[in-house]
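All chains are identified by letter, namely A, B, C and D, in their written order; residue positions are counted from 1 within each chain.
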Amino acid sequence: MIIAVRNGTKKKDLAAFTEGLKRHGVDVHCSEGQSRIILGLVGDTSRIDADRLTAHHLVEKIIRVEEPYKMANRLFHPEDTRITVYGGDGQPRSVGAGTLAVIAGPCSVENREQIVSVARKIQQAGAGFLRGGAFKPRTSPYSFQGLGCEGLDLLMEAKRETGLPVVTELMAIHQLEVFDGVDIIQIGARNMQNFTLLRELGRCRKPVLLKRGLASTVSELLMAAEYIMAGGNENIILCERGIRSFDNYTRNTLDLSAVPFLKKKSHLPVIVDPSHGTGINWLVPAMAKAAVAAGADGLIIEVHNDPENALSDGEQSLTPEEFSSLMDSIGKYAAMEGKTL
Amino acid sequence: MIIAVRNGTKKKDLAAFTEGLKRHGVDVHCSEGQSRIILGLVGDTSRIDADRLTAHHLVEKIIRVEEPYKMANRLFHPEDTRITVYGGDGQPRSVGAGTLAVIAGPCSVENREQIVSVARKIQQAGAGFLRGGAFKPRTSPYSFQGLGCEGLDLLMEAKRETGLPVVTELMAIHQLEVFDGVDIIQIGARNMQNFTLLRELGRCRKPVLLKRGLASTVSELLMAAEYIMAGGNENIILCERGIRSFDNYTRNTLDLSAVPFLKKKSHLPVIVDPSHGTGINWLVPAMAKAAVAAGADGLIIEVHNDPENALSDGEQSLTPEEFSSLMDSIGKYAAMEGKTL
Amino acid sequence: MIIAVRNGTKKKDLAAFTEGLKRHGVDVHCSEGQSRIILGLVGDTSRIDADRLTAHHLVEKIIRVEEPYKMANRLFHPEDTRITVYGGDGQPRSVGAGTLAVIAGPCSVENREQIVSVARKIQQAGAGFLRGGAFKPRTSPYSFQGLGCEGLDLLMEAKRETGLPVVTELMAIHQLEVFDGVDIIQIGARNMQNFTLLRELGRCRKPVLLKRGLASTVSELLMAAEYIMAGGNENIILCERGIRSFDNYTRNTLDLSAVPFLKKKSHLPVIVDPSHGTGINWLVPAMAKAAVAAGADGLIIEVHNDPENALSDGEQSLTPEEFSSLMDSIGKYAAMEGKTL
Amino acid sequence: MIIAVRNGTKKKDLAAFTEGLKRHGVDVHCSEGQSRIILGLVGDTSRIDADRLTAHHLVEKIIRVEEPYKMANRLFHPEDTRITVYGGDGQPRSVGAGTLAVIAGPCSVENREQIVSVARKIQQAGAGFLRGGAFKPRTSPYSFQGLGCEGLDLLMEAKRETGLPVVTELMAIHQLEVFDGVDIIQIGARNMQNFTLLRELGRCRKPVLLKRGLASTVSELLMAAEYIMAGGNENIILCERGIRSFDNYTRNTLDLSAVPFLKKKSHLPVIVDPSHGTGINWLVPAMAKAAVAAGADGLIIEVHNDPENALSDGEQSLTPEEFSSLMDSIGKYAAMEGKTL
């Protein structure tokens, strides 16, 4: 961290300010130029609150040279993180480090027939993980809110039938009690900065699929991961799912540049959700391929046996047939990127 | 709600589709034009999920003519809502319906001396409510997270000393247990769509100050209020506090047009937070005045006795002297808008 | 400007890099800290291209401490700029420095009767300047594009009848030939970064009302003004007219914080366009008042004698009666801010 | 176009309104429901100004079912447009319809040595077109503005030496006089809605590479193309180059979903600029591959022999070696999408 001190600062004030900085456990090197004093902070500056410093009357400007995240930082953990879960059949399935993880299934679990048949079909098409929402975050209190615990039971049934590990969204920490059989906990975009929840997730050991918030910077996404990791849970999968922009021809603006950027800055696996990222089913295949080409470690895709009658998000779901056909191309793209499905 | 049906739809399919719609409790009027069939839905369409309908293969386009919120809608509740709390001295203080509520205080409660002295000073300057954060949402897990329960105790002490009602942020529902003495619960921008939390707040009877999310539309803000109101708690204060845009010369982009818009669409009081809305203390007075001129029912302003050494958000805090001087102008602007302080 | 040099840079490379910087006419002060070398540039850095420097392999990060604009900068021109024009009656009318300039009129000039009658009515209501579009930038090539030169003639007629100075939009530099009688040239949001046009405007002496681009930062707005000023034309009026954001309940997001920010950074007058800034006529009065309270030096407001049949932008126009009633409140707000109408 | 008429509209007023609509050359079908009247407009509604209609007091809401563009619309021109140019060697090189066009070269033409050597290297690597800026749009009037006509001469020399067709930016219509040897005219993002310029381009016959504006919707991009096409020039190449969003870790937010969307809605070729789209050279290869996977018809990539000393945009340029290595992968991705380089 570099601090440009205002012109005309008195020696005494500067000394007091410098002492204050050192109390955070960093070294401070002072360089007095002709017209300006510059302080260079050396050491672990992640505990220094740049926002707070900015308010100080001696401070003209601050540059953070170091990233504010540590545990998520590739600098301190150069190798790719690989996260492995075992599903219902005890077989290992990985996310990260050379594999391409495909997570598929309906937006909402609706009934036994639906979830089991979709699970079978995505498995036949080559998906490695089943997704399905039991607790659903909906903009309107009057919309279908998910089947809740009953939905979780149905997911467990689909897991038993197919062996596929299950990914489903957790909306509040007390739901952890019923998440025993869930293999990967999804944290939705609207909860990415629910810091109380993130802190609690740090105490559990299940992998967390953390979706980028609608208006969150990639740096904030990494800081959200850092919240969980700081608590001791290092099994985080980052997920780009589209951000809000001025153009609404797509439901969200899928920011694929985040994939190679996050891969360079962090060792955590990065997956992409082209279904929420576009909101339009006929755009999903193109963007799924693009995500793999951009270096994604996986995809999470909505598949529904009857999109037109889906209880939520039908307009962005693929049919099992469309998904199966997409998997064929995805396999080739993954191979080109040196990844195995 | 109006639905344009795709060209070439068969009578039989249309009949089945129409029957499906009627099951939601609405009447459906069908108008067959030369080249297009249009369905007009009459009745309570708030329970119809437009997103879901969009996926149907018969649907070309949907227009929602009605707003998706009911309890927050001025149409069904033409008079302004007025929310009254009694503080530590039993005196009524109101938000909405002709008053201008001024809530002031530090971003974070730091110690007894700080919160009590700030409370006294803002009271002398004419503020009606004391704000102060005990549980703080921070982007980094390594930043100061607030004093927690100790902070609440200190707020209660400031309330006893001054009589001022207290507004403070709740980050998780279990914190309600310790919020007994809190007069107005603040829900922060990052929790505006924490739907589990909103639902629980519907069960309590304390007024809720609901901040607009960083990337939330005004319609989503009203739907978040609707979540709480649908549970039975109608004491909601809406708060515009700035949204994210491409320009970052201010911390957020304060969207003052939301004030007259929300006032027209809803009967709920609307207040403005120029401190978070700009993030720069020398912009706060101009934007506070502008908010009142735009029709706001109140302001929430950060005041700190020593902004340079504040543990958070110092750069956007006013000193008590600056605040006092601002209150003088605010009084005149409120009078011009026919509001009493 | 401060440059953090990468760790491990060799003496020789640093010397060569420093020499290169000095060739831009600045002094370079080098401070070697324990773990990092920092260069401080002193002098006129406005000619140094920070983007270009960023690509250099020795550069880790750059902070611009100085603003990149000079002629528009209040630092080098502390007093408010006041721009005076004389209209059709030879009477001086000013923008900036203690006055509140109100510019009003229809979006498009449509016919003699319309423009003359609107001009008379806004004059009676107290407006000081007449606006009206002759050359119209329209998103569709099939929409009404303005009356062109005929529209200018009609504006001149309205100017003769009322004496009001005329503000109208210039879309291409060759139109200058027919702008003799125009008092203030408006440059629209879509041309704010039409650099060829800006450069040419620097050669003329007419005042320019420069609208902020839809996705332009306030810094880019000041740089656009700098383009014109660098050519010798210092009569620039800055105009905030709303930016693009994710929410479209208003046509644009009126960023009123830009007003006090621009007033502090620059000596140029700053006016606000609440008509384009909201796109909804019933929001215009509230936002016009808010703009004055925020410190604006003027307003530009669309007024149409028959908004429902306007050839463009009717939905954001006030009737002459609504405008007249707004002027009454505006006068009081201006007085509170120490400005004369 | 469907118009919902306000409740309580009188027969007489409705008849007058309907007559007005018919004068635009469309048929109007009126459907009176129990609680609402709906008008369906049939025919060419592209000349109807929806914004203008919205202001009418009888109008409650409008839905545009048809797209507002005609000539750019795939509906009326189902086959892909292919644009062919002949370069300096008389060999045909195409954009669109099954080819992958790669346009490469420096941001700015700097000198003979630079442009000729880069041209040779990108040709050896397999690029089909040379780009290079002679007239440069720069945010600051004090930055390097391009070599102008001298730059064009140097581009012509590179064209003679290599045979490669030349793509370069036109900033003002008078520059057309010196664009004789230019094969494809580039219109930059900041001029996408310079409607006077677009109209003039409709009169020339050279292909136009039209870049999406920083805050332009894909629909506005198609309308900008429509401006040129309406004038008679149908040789338009659309280019996605990143939009402005709240996150600035990349220079722009590359919106790759625009590629499959534009390809579906329009018959025009769509290319991608990953250099401006990210602004970071190490992100370019990943995003170039992603663009091809998303279905792009081509790429425009900045290549500089000495990025560190480039006079502009060095930080986003590839070296010729990096470009050559990228071309190897691009070839494979193009083949997977059934395209030939």
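Note that in this section a residue touches a chain if its C-beta (ideal position, glycine included) is under 8 Å from a C-beta of that chain, and two chains touch if they have at least 3 such contacts.
It should be emphasised that the depicted structure is a prediction, and the values quoted were computed from it without experimental measurement.
The pair with more inter-chain C-beta contacts, choosing from A-D and A-C, is A-D. In this assembly, the chain whose C-alpha centre lies farthest from chain B is D.
With centres defined as mean CA coordinates, chain D is found 32 Å away from chain A. Taking each chain's centre as the mean of its C-alpha atoms, chain C lies 27 Å from chain D. Centre to centre, using the average C-alpha position, chain A and chain C are separated by 40 Å. Shared interface positions of chain B, i.e. residues touching 2 or more other chains, are given as 215, 243-246.
Partner chain B is touched in their complex by these residues of chain C: 215, 217-219, 243-247, 249-250, 253-257, 259-261, 264, 277-278, 280, 282-283, 286-287, 289-295, 329, 332-333, 336. By the touch criterion stated above, chain D contacts chain C in their complex at residues 46-47, 49, 51-52, 54-57, 68, 137-144, 171-173, 190-191, 193-197, 199, 213-215, 220, 223, 226-227, 230, 243-244, 307-317. Looking at the complex, you find that chain D touches chain B at residues 2, 4, 27, 29, 31-36, 38, 40, 42, 60-61, 63, 65, 215, 244-246, 248.
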